[in-house]
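Multiple structures are listed underneath, in structure tokens.
Here come two complexes built around chain A, the first alongside chain B, the second alongside chain C.
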Partner chain A sequence: MSQSSSIGRALDEQRAFKYLLVAPAVFVILLIGLYPFVKLILTSFQNITMFEDDHSFNGFVHYARLFGDERLWESLLHTVAFTAVALPIEILLGYLLALLFLDPMPLKRLFVAVILLPTVISPIVAGSTWRLMFDHRFGPVNQIIAFLAGGEVKLLWTVDPFLVWPAILVAEVWQWTPFMFLILLAALSNVDREQLEAAQIDGASWLMTFRKIVLPAIAPVLFVAVLIRALDLFRLFDVIWTMTGGGPGTRTETISVYAYQMAFREFDISYSSAIAFLVIFALTALVIFALRRVEIAR
Partner chain B sequence: MILNRTIGAVASAAMALALSGQASAQSSAERAVEAAKQYAGATLNVFYEAGLQPLDPKNFTGPMWEELTGIKINVIEAPLDEMFTKIMQAHRAGSGAYDVLNVVPNQMPDLAFAGVLEPLDDWVEQYGYRDELATIAPVYRDNQMMVEGTTYGFPDDGDVLVLYYRRDLFEDPDNMAEFKAKHGYDLAPPKTWQQFNDIGQFITDKYAPDIYGAGMLRQPGNAQYLFQERFRVEGGKFFDGETMAATINSEAGVKVFTEMVEANKFMPPGVEQWGFIEAFNAFLSGDIAMTISWPPVGRWAAGYGKGTEALAWIPETKVADKIGYALPPGGTPELAVGFSLAVASGSSNKEAAYLFIQWMNSEEISLQRVQLPFALRDPFRDSHFTSEEYRSRWSNAGDYLDTLKAGAETGLLDLSLIQTDRYEEGIRQAISRLWAGDDPQEILDDLAESWDELTERIGLEKQKRAYLDWAGKPNAYPN
Partner chain C sequence: MTRGAKGWRLAARLACALAVATLFLFPIYWLAAISIKTPEEIFAYPPVWIPSGFRLDGYVTLFRDGDAWAVWNSLVTAGISTVLAMVIGFIAAYSIVRYRTGGDHLAIWIISQRMIPPICVAFPIFLLFVSLRIVDTYTGLVMLYTAFNLPYVIWMMRGFIQEIPLELEQSALVDGLSRWAVLWKVVLPMSRAGFFATAVFTFIFAWNDFLFALILTRSDVITYPVQVTGYFGSQSTFWSKIGAMSMLGVLPMIFVVGTMQRFIVRGFSMGAVKG
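Entry: the complex of A and B
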């Protein structure tokens, strides 16, 4: 009894010492991760604007307002729709590029480095660059189209409601397809060559080979890449802010742009916090669902 | 004890007398410099609009002030539409990031009520600056300096939106005859918006694509000022003074919005994206016959500042000696933006900051500053408009200064309420929708609805008082 209790005491001490060691790290993580989140939730229940510091409990007023806010749901729709369009394009183009670079070729490393350049550029810079590219007077895009069309072209890429989303799509795909390319190139390089050769000898079609051998092999990596990009696209802000500012009107407002507008243009800090909480909630639910779906977390 | 107090009082009185004697011997600029020497070695963080504006403290006043006083000037910049937010954020955070602030006057009440700005009256008296404040042009002095009787800023920029036109085209005998035959009145700077449209269309029909009738500020951030002006020229009122209901969606508002879209048709393609840079670029290049913009355009178009390194990016003017200056249609130009110099309440160098702004704003230094070809400060003192030196800067600089002076007399104040920026953001959004092709009535109905909600949230009675206070000023609406 006494021996077992002394062992138990020693174990407790050991455990306590472990906790002591990790405590500073946990504290820092809580401080920088959890505190802002808790503060955000608290703020969403208050009525703080840039002009007034009303810290009293305001109930669910801001959450109730979310439901009736058409502009919010419109921006959410923009976000989801843009993600649904941009993500497959990036995957497809990234995959095709990766296939191109699978086999040995001269100056392969140099080409890969050049292709990756857009990814290392700050999104704000990328957005500004594309805004200039699409400028109706001086931008090369209109000049190239004019050259091909054989006459003057004045397409208002960042004003015309019909052109503004394609312009943003081009900028976004240009910047992030290389990310997909890099991930998929790494994944495809690890697909078992012997299996591919066996499938070829057995006369399997390209589609069958892709479905039965390639896709299962690259799926875990592809999933992570898709998840990262989907989250990025859901939070899309920089490129849109620099290219259109969410305009014309509210036509290109994403949920992040709208939250920013509410917080720093209309100074409705508490309502903006409620929007941010909605986004966090939605993204967390999405990530948990996705992780469970593919059982990657295990 | 009593004796000590008496001696103290006498000493104070003697010192006051000595100071007042000294005050009369020195200019206000000199007084500021003398007093500021005690802060030698300090650094003042000065908040400016990004772009050309900060070239003044960076290249001119900053180095001069440091040489005179030993106080360094560190310039921090932000785009115009982010200045209010940055100032408020710095104040909320208690960062003390800024010592000197450039404040957009219609935001001054918000900043003053939020405690961002330091009251200046005690220093004004102490450093004998009251008399020089009185010589600032009345419209700026009376509307861009005080909040509820307390001085929070020194009006420092005579912003006014003026019409610039091509005299050579307007005075061309063929054009004059053709125009008169078509419209039945003389080709001259337009007095009404209908005339503006007639002239614009006439020139576009005759000269496009080489020259278009007009090119205007259309980016929402700029265009909102033109809208505010034109809306009032057409008889519009922002709110019902009784109920405080937004009346921006009135007939006048819809008319202005509709005509703005129509007018774009005789302007260069893509004008919907034009801001300050695009408009003056086109005017200096000779691509448009009329534009309405801030005063620097008139100087640069005349070739003033040509050869200045800081202006190397500006296209060489092709229209020097062909420029005419006039008030825009309606004769009541928007006193758009403007800047007042203020001291941040969170500053740890408040007195030094005050002395710097007194020195900058003084008759002596400000006259030099408004003549800097590369900076954007515009004449705002009576002495600036009448300065012989300034009037001799180019052939018709006198006309230019007379037009600015006339604008400063009849100009319309930017709307100023509690939380003004939120109302202005609504106008910016509305204009953005207008260029996207939405229906003017629908846009303005939505704007009115959002303004009403905002007013409700702020407090109807509180906002009504603020509006009536603003609307009661002589330059709030055309007389």
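Entry: the complex of A and C
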């Protein structure tokens, strides 16, 4: 009797202890994570702008407005298209770099450290650096092109509508290829060497070896890396902010830049909340879809 | 393969590695060079590739004008929020691993918090901070970075704690240590390498953040990335200040890469690659 009650007390104590440990974390995440989310949904049904503070609910007005907002769909298109271009380039270059550094080499750690540097610096600094690099007069990029082309060039990288996206692409690929490189290097190091040698002896083609041995071995890691990068690219803001500010006009506006403009420049709060909710909804659906696909593939 | 062919292959790989490293390093070199150039050199055409001397005028100006406070603000907010996030995240991760608190759902819910783009919740957070009167204060930024980094800390520490053998904790409990003492005297020392690596990453995320700092600061606790963007004027761009301020933000990161290389793969891949 007394023993069972003491066990009961120990269990109660353990239960209290385990919840006590997660309590601060859950509290902080609820405050900064869940509260704004609920507030966001509420606001998106109200009518709050710079001039109005109307807290009454008026249905799906702002969501209806989303459909006719060309600037929104354009910025969404920019975001998706840029992700679709930048991500494969980063994967491909990262993979090639990983192959280069796969076998032992003198000074390997130093090389890897140097290549990694862009990834750990602030995207704001990366954007600023590339804005200076791309300066049409004082930056080195035009000089190098002029040297290669053998004549003077005056390419307005951060202003010309046809050059801004390539310029941003260069900055983004420069900063995040090392991320793919590092993760793929680790993944490739874990591919079974004996299997590769056996395939070589059997005379399997490069493509065959890649598809049957290498890809299955690195797929889980590659999937995580792609997911992390895709979500990052989707929220692209800092680099664009420093390099072009979304311009010229709205030429380089991503969904994050547009949402920022609507909320903090135009103070169209309710409408920007609707945009934010649309983005969260789309991303969640996309991630769930991606996770499902991988599970089915297994 | 003959010996000669092997040697040539290595030489070719080394040459490629050198070219690639130069390519990745060059923009940072350019930034560093701008920070120590004279104004004439910065605005020379064609550009000056190698600064003639080591002029620290850009840095001196930052300290004299008080702009360098931005770096201090970054240090304080990133530093304190890292300590808080590590402590809160560590105990939560322990509870989730050892007591299966909340099952799988709690862990998944926590990590999913990181998926949402910051801009989507930026305005409600701004409103919350206005009503709490903590806009443009250390308290506000520290609180935000703590919350923002918690999912990452919990996720990473979960992996590190899972690797600690359970027997160690059990024998410590049998020896009469309290659960609380086990946490700090057994679990923490056993996972200290992972703990330290996670802390460094947490610091980097807060150190490099721009969007939240842009929205939640005005002047008092402005951080260095916000300060950098302030030097891009519509009329003129303050190149030497951009160079110097950016370098102050980059230098700690050079140190991080130099010392933390062993953990960087795991940190970046959110634990997916053990490295």
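In this text, the second predicted complex is superposed on the first by the 263 of 298 C-alpha atoms of A that agree within 3 Å, B and C clash if a C-alpha of one lies under 4 Å from a C-alpha of the other, contacts with A are read in each partner's own complex, and residues count from 1 in each chain.
The working rule: a contact is a pair of C-beta atoms (placed from the backbone, for glycine too) under 8 Å apart; a residue touches a chain by one contact, two chains touch by 3 or more.
Model, not experiment: these values are computed from the prediction.
When both complexes are overlaid on chain A, the residue A:264 reaches chain B and chain C alike. Using the contact criterion defined above for the overlaid structures, shared-chain residue A:199 touches neither chain B nor chain C, since it reaches no partner. Contacts of A:161 after superposition: chain B is touched, whereas chain C is not reached. Considering which of chain B and chain C touches more of chain A, the answer is C.
Applying the stated contact rule after C-alpha superposition, one finds that A:251 touches chain B and leaves chain C untouched.
Contacts of A:182 after superposition on the shared chain: chain C is touched, whereas chain B is not. In the superposition on chain A, A:113 makes contact with chain C only, not with chain B. Judged by the touch definition given at the top, the superposed model places A:137 against both chain B and chain C.
Legend: residue contacts after superposition of the two complexes on their common chain; A:21 is shown touching chain C, with no touch to chain B.
Residue overlap on chain A between the chain B contacts of one complex and the chain C contacts of the other covers 137, 264. Residues 10, 13-14, 16-18, 20-21, 24-25, 27-28, 30-31, 34, 42-47, 49, 88-89, 91-92, 94-96, 98-99, 101-102, 106, 110, 113, 115-125, 127-128, 143-144, 146-148, 150-151, 154, 179-180, 204, 207-211, 215, 224-225, 228-229, 232, 239, 242-243, 246, 249-250, 253-254, 256-258, 261, 264-265, 268-270, 272-273, 275 of chain C touch chain A in their complex.
Residues of chain A touching chain C in their complex: 14, 17-19, 21-22, 24-26, 28-29, 31-33, 35-37, 39-40, 43, 97, 100-101, 103, 105-107, 109, 111-126, 128-133, 137-140, 143, 174, 178-179, 182-183, 185-187, 220-221, 224-225, 228, 231, 234-235, 237-238, 241-242, 255-256, 259-260, 263-264, 269, 272-273, 276-277, 279-280, 283-284, 287. Residues of chain A that touch chain B in their complex: 49-51, 135-137, 154, 156, 158-161, 245, 247-251, 261, 264-267. Per the touch definition, chain B reaches chain A in the complex via residues 82, 85, 88-89, 92, 110, 113-114, 220, 269-270, 272-273, 278, 418-419, 421-422, 425, 429, 432-433, 435-438.
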